[in-house]
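Before we start, here is the structure in question, set down as C-alpha cells.
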Amino acid sequence: MEQMIPIAIFLFVLFLLLGSGVWVGLALMGVAYVGMELFTSRPAGDAMITKVWASSSSWTLTALPLFIWMGEILYRTRLSEDMFRGLSPWMARLPGGLVHTNIVGCTVFAAVSGSSAATLTTVGKMSIPELRKRNYPETMVIGTLAGAATLGLMIPPSLTLIVYGVTINESVTKLFMAGVFPGLVLALMFMGYVAVMSFVSKGFNPDPEPKMSVMEKLKNSRFLIPVICLILVVIGSMYMGIATATEAAAFGVIGSLILAATQGSLSWSSFSESLMGAVRTSAMIALILAGASFLSLSMGFTGIPRGLADLIASWELSRFELLMALLVFYIILGMFLDGISSVVLTMAVVEPMIRAQGIDIIWFGIFIVVVVEMAQITPPIGFNLFVLQGMTGHEMNFIAKAAIPMFLIMVVMVFVLIAFPELATWLPDNIRKGPAG
Amino acid sequence: EKWDMPMAYAATNFHSEVGAAFASCVTEGTGGDLEIVTHPSGSLFGGAEIKRAVMTGQANIGERLLSAHQNENALYGVDSIPFLVSSFDDHEALWEIASPYVASALEEDNLHYLYSVPWPPQGLYTNMAIEDIEDLKGVKFRSYSTATARMAELTGMLPVQVEAAELSQALATGVAESFISSGATGYDRGVWEHLSHFYEVDAWLPRNAVFVNLDAWNDLPDESKAVMEDCATTAAADGLAKSKDYTSFTLEELKKNGMTVERASEHLMGQLQELGATMTDDWLEAAGEDGQAIVNAYKGE
Amino acid sequence: MAAAKALRRILDTLYFIGGVIASLFLIAILSIIVLQMLARWTGQVFPGATSYAGYCMAAASFFAFAYALNHGAHIRVSLFLTALGRFRWWGELWCFGIGTAISTWFAWYAIRGNQISHRWNELSQGLDATPIWIPQLSMSIGTVLLAIAFWDHLVRLIFTGSHGITTDLVDQSQGE
C-alpha cells in the first residue's frame, strides 16, 4: 500500500489522544479530523456535522436510551434482588454458580434488544451489585458480562444483521434465523468456560448460598415471576406484531415502571434519579457514537479499509485461507471501528470474494457477526469496554484483560462455525422449505 | 483530482453498477486527470445525507433517489406521481419533458444534473388476492412518504409507518400486510416469506439521479465536462436497459418463490387510475406552473 | 469572590438545566412511541412520528453533554494520567486543552451546519416535512453548552489547580 505514512500518522494520533486521556468521543473526532485533513480536500467540519446529525437523530437509535432507562428503573427496584433470590438456590450448585446469570441474562435480553450496549447496561446494572455482594471474582463478573452482552448482536433482533442484510441484498429474516443456534452455542461456550474456571481458578470462592430443600427452592422461585412477566411482555409484543423492535423498548420502560410501582419502589426521587441516570449514560454513549460516525466517514475518505480488502482479494486464496485472512482483517479493523462501519466500508469488496468462493452468504453473515462481536471488546476502541468503564469505574486495561478469555472463545466459535456450518444454515434452510413457504 | 461519489444502495444493485461504470468511464476518459471513486451502501454518506453533502461540497458528486426530496420541491417528485405513467416508455416520455425543469430546480440547489436511471415500476404487494379497491379497506399498509400516506387515506387502508430497516420484521410480525415497491425490493428482501401477491400496477417509476456540486462543475476544464456528459449519456442508456432486464428477472424470481405475480385486473386498474387523477391534482397544486406545464405537455402527446 | 461564586452557581445550574431538558426529551421519545402504537392499534395516523422521535433522540443527547461532563459520565482512558502521579496537572492540562479545542470546534461547526440547513431550506424527507434547522437547534445549543463547560473546567484547572469534575460513583463501588 502506498499510503503507509498517512496510516502511521493516523494511528499515532489515535493512540496519542485516546491513550493520554482525552474523552473517547472527542478523541475519535480529533482522529477523524486528522484523517480528513490528510486524505481529502473536502471540508472536515461541515462533513462532520452532516454525519453527526444523521447518526444522532436516527429513529432506530431511540431504543437505546429507552433500554438504558429501563435498566436504571429496574436497578432501583427489588427486581434484581428478587431475581437472584429466585435463581440462586438452583444455580448456586452449578459449577460457576451465579456468574451464569450474567450469561443467561444477556442471552434472554439479547432476544429483546438489537444492540450490545443496551444488553450490557440493562443486565449489568442489575447483576454486578448482586454478584459483588456474593464475592464472585471481579474479573469473572466483568469479563463474562462484556462477552455475553455481544450476543445482543447475534441473537435476533440484531442491528448488525439488518445492516448486513441490506448491504448484500439478502433476507434479514433468514439472517435472523441463522443467528439463533450460533448465539445459543456461543452462550453455552461462555458458560462452559465459567464452569471450568470455577474449578481451576484459586480466586473463585464466592460466599456459599444457604442449603434448601426442593420445596423451599420452588417456593423461592415465585420471586422470578415478575421478571418472567416483563420479559414475556417485551418479547411477546414484538413477535405478536403489536410492536416493532424499536417500540418494544417502550414496552420495557412502561413494564418496569409498573413493576416498580407494584413493588412500592416507585417514588418521585427514584423516578427522577433513574431518568437522570439514563440521560447521563445515553449522553456518554451518544458522544462516542457521534465521534465514531465521523471517524467512519473519515475512514471512508481515506479508503484504508477498502484498500486492505482489495489487497486480500489480490492474494487469490483458497476458501479456508480466505476466511482466515478475513478473520484477521476484521479483528484488526474491529480494534478501531465499530462493527456496522466495518461491514459497510468493506462489503463492496468482500462480498464478491465470498460469492466467488461459493461461501454461503447467510453463513458468512454469522461469521461477520462473531467477528464484529469481538470488535466490541477489543481495545483501543471497544464499545462494551467503554460502557463497562462508565458503569464500574474500572480502568480500561482491567476490563480489556478480563474480556480476553471471551475474545478467545469467540475465535474458537469461528472455527466451530467453519466445522459445523449447519449451525447457521439449518434453520433458515428448513423453515424456507416448510409448508408455509 | 480525486472525487468521492457517495451512493446509497448496495454495490451489487444495478444502480451502483451503472454508477461504478460511469466512474471508470470518466476516470479513463480524462486520462486519470479526474478520478471518481464510488462509495456504495451509504458507506460514505447515507442516502438521506447525499444531497446535502454534494450541495455544500462535502462530496463533489453523488447519487440520490430524487423523489425523497419532494418536500423541498414538488418538482423532485415528478417521477412519483401515482398512476400517471404506466410503462417504461411512458415514463421516459414524461422524464424527457420534465428533466429540464428538474435540472433547473437542482441548479437552484447548487447542483448540476448529470443523468438519472429509473427503478423498476412500483407494484402492490399484498397478503391476499385483490379484485376490487374495496378489498384494500382495513389492510395495514406501509406508508413512508406523503404519496403513500395519501394513497392509504384514499383507499381506506390503515397506514403504518415502517422505516426501510424494519420492513422485513414488520412483514414477518404482521405489523404491515401490504406495501408499494418495485419487484426488485421484494426480491431483495425475500418478501415471499411473508406475502402472497404482487400486482403489477406500475404505480410510478422513481429515479436515482446523479449530480455534481455546481461550483466543482464550473471549475472543471471543458474537456472534462465533455467527457462527463458523454459518460452520463452512456450510463443513462445502460441504466434504463438494466432496469428493464432487472424488472423481468425479479418478477420471475418472485414467481419461482411461490408468489402470485400478475397485472391488476382492468377493473382494479381503472379504480386505481381514478385515484391517480386525484393525486395528480394534489401534486399539481404543490408544483405550480412548472408542474402544470409538464403534465400538459405529457398529456398532449 | 462573591462574583466568582455567583458565576459558579449560574454555570452549574446551566449544565443541570441542560440535563433536565434532555430528560424531558427522553420522556418525549417514550410518549411519541406510545402514541404511535396507540394510533396504529386504533386505525389512526400519527404522521412523522418516527422523525419526531429521532429529533427528540438528538435533543436528549446534545442537551445532556455538558451535564454528563460535569458529572464525570463521559469516559476516558485515565491510565496515563494516574501514572503521571504528581505531574498529573500537566496531563490534565493537555486533556482539557485538547477537549476544549475539539468541543469548541464541534460547537462552531454545529452552528454553521445549522445555518446551512436554514439557508438551503432543508426539509425533513419524512411525512413531517419539518425544516431541519429547527430540531438542529438542539445540536447547536448542546454543543455550545459542552464547549462552555470545557472552557469553565479548563479555566478552573489553570487557576485553582483542579478541574472540578466530580465523579459520583455512588452506585459504582469497586467491590472491595
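Note that the chains are named A, B and C in the order they appear, and that numbering of residues resets to 1 at the start of each chain.
Quick note on the criterion: a residue touches a chain if its C-beta (ideal position, glycine included) is under 8 Å from a C-beta of that chain, and two chains touch if they have at least 3 such contacts.
Remember, it's a predicted structure, so these values are computed and weren't measured experimentally.
Relative to the centroid of every protein C-alpha atom shown, the closest chain centre, again from C-alpha atoms, is found for A.
Counting C-beta pairs in contact, the pair that comes out ahead of the other among A-B and A-C is A-C. The mean-CA centres of subunit A and subunit B are about 35 angstrom from one another, to the nearest whole unit. Measuring from the averaged C-alpha position of subunit A to that of subunit C gives a distance of 24 Å. In subunit C, the residues that reach two or more other chains under the touch definition are 36, 50, 116.
Contact with two or more other chains is made by residues 48, 52, 56, 163, 175 of subunit B. Multi-chain contact residues of subunit A, defined as those touching 2 or more other chains: 46, 50, 59, 243, 246. On subunit C, the positions that touch subunit B within their shared complex are 36, 40, 43, 45-47, 49-50, 116-117, 120-127, 129. Of all residues in subunit C, those touching subunit A in their complex are 19, 22-23, 26-27, 29-30, 33-34, 36-37, 41, 50-51, 53-58, 60-62, 64-65, 67-69, 71, 73-82, 91-92, 94-95, 98-99, 102-103, 105-106, 108-110, 112-113, 116, 135-136, 139, 167, 169, 171-175. In the complex of the two chains, the subunit B residues touching subunit C come out as 48, 52, 55-56, 68-69, 71-72, 109-110, 138, 143-146, 149, 152, 158-161, 163, 175.
Touching subunit C in their complex are the following residues of subunit A: 17-27, 29-30, 33, 45-46, 48-50, 52-53, 56-59, 61-62, 65-66, 69, 75, 129, 132, 138, 141, 242-243, 246-247, 249-250, 253-254, 272, 275-276, 278-284, 286-288, 290, 380, 386, 389-397. Residues of subunit A that touch subunit B in their complex: 40, 42-43, 46-47, 50-51, 54, 59-60, 157, 162-163, 165-174, 176, 238-241, 243-246, 297, 300-301, 303, 344-345, 347-348, 351, 432, 437.
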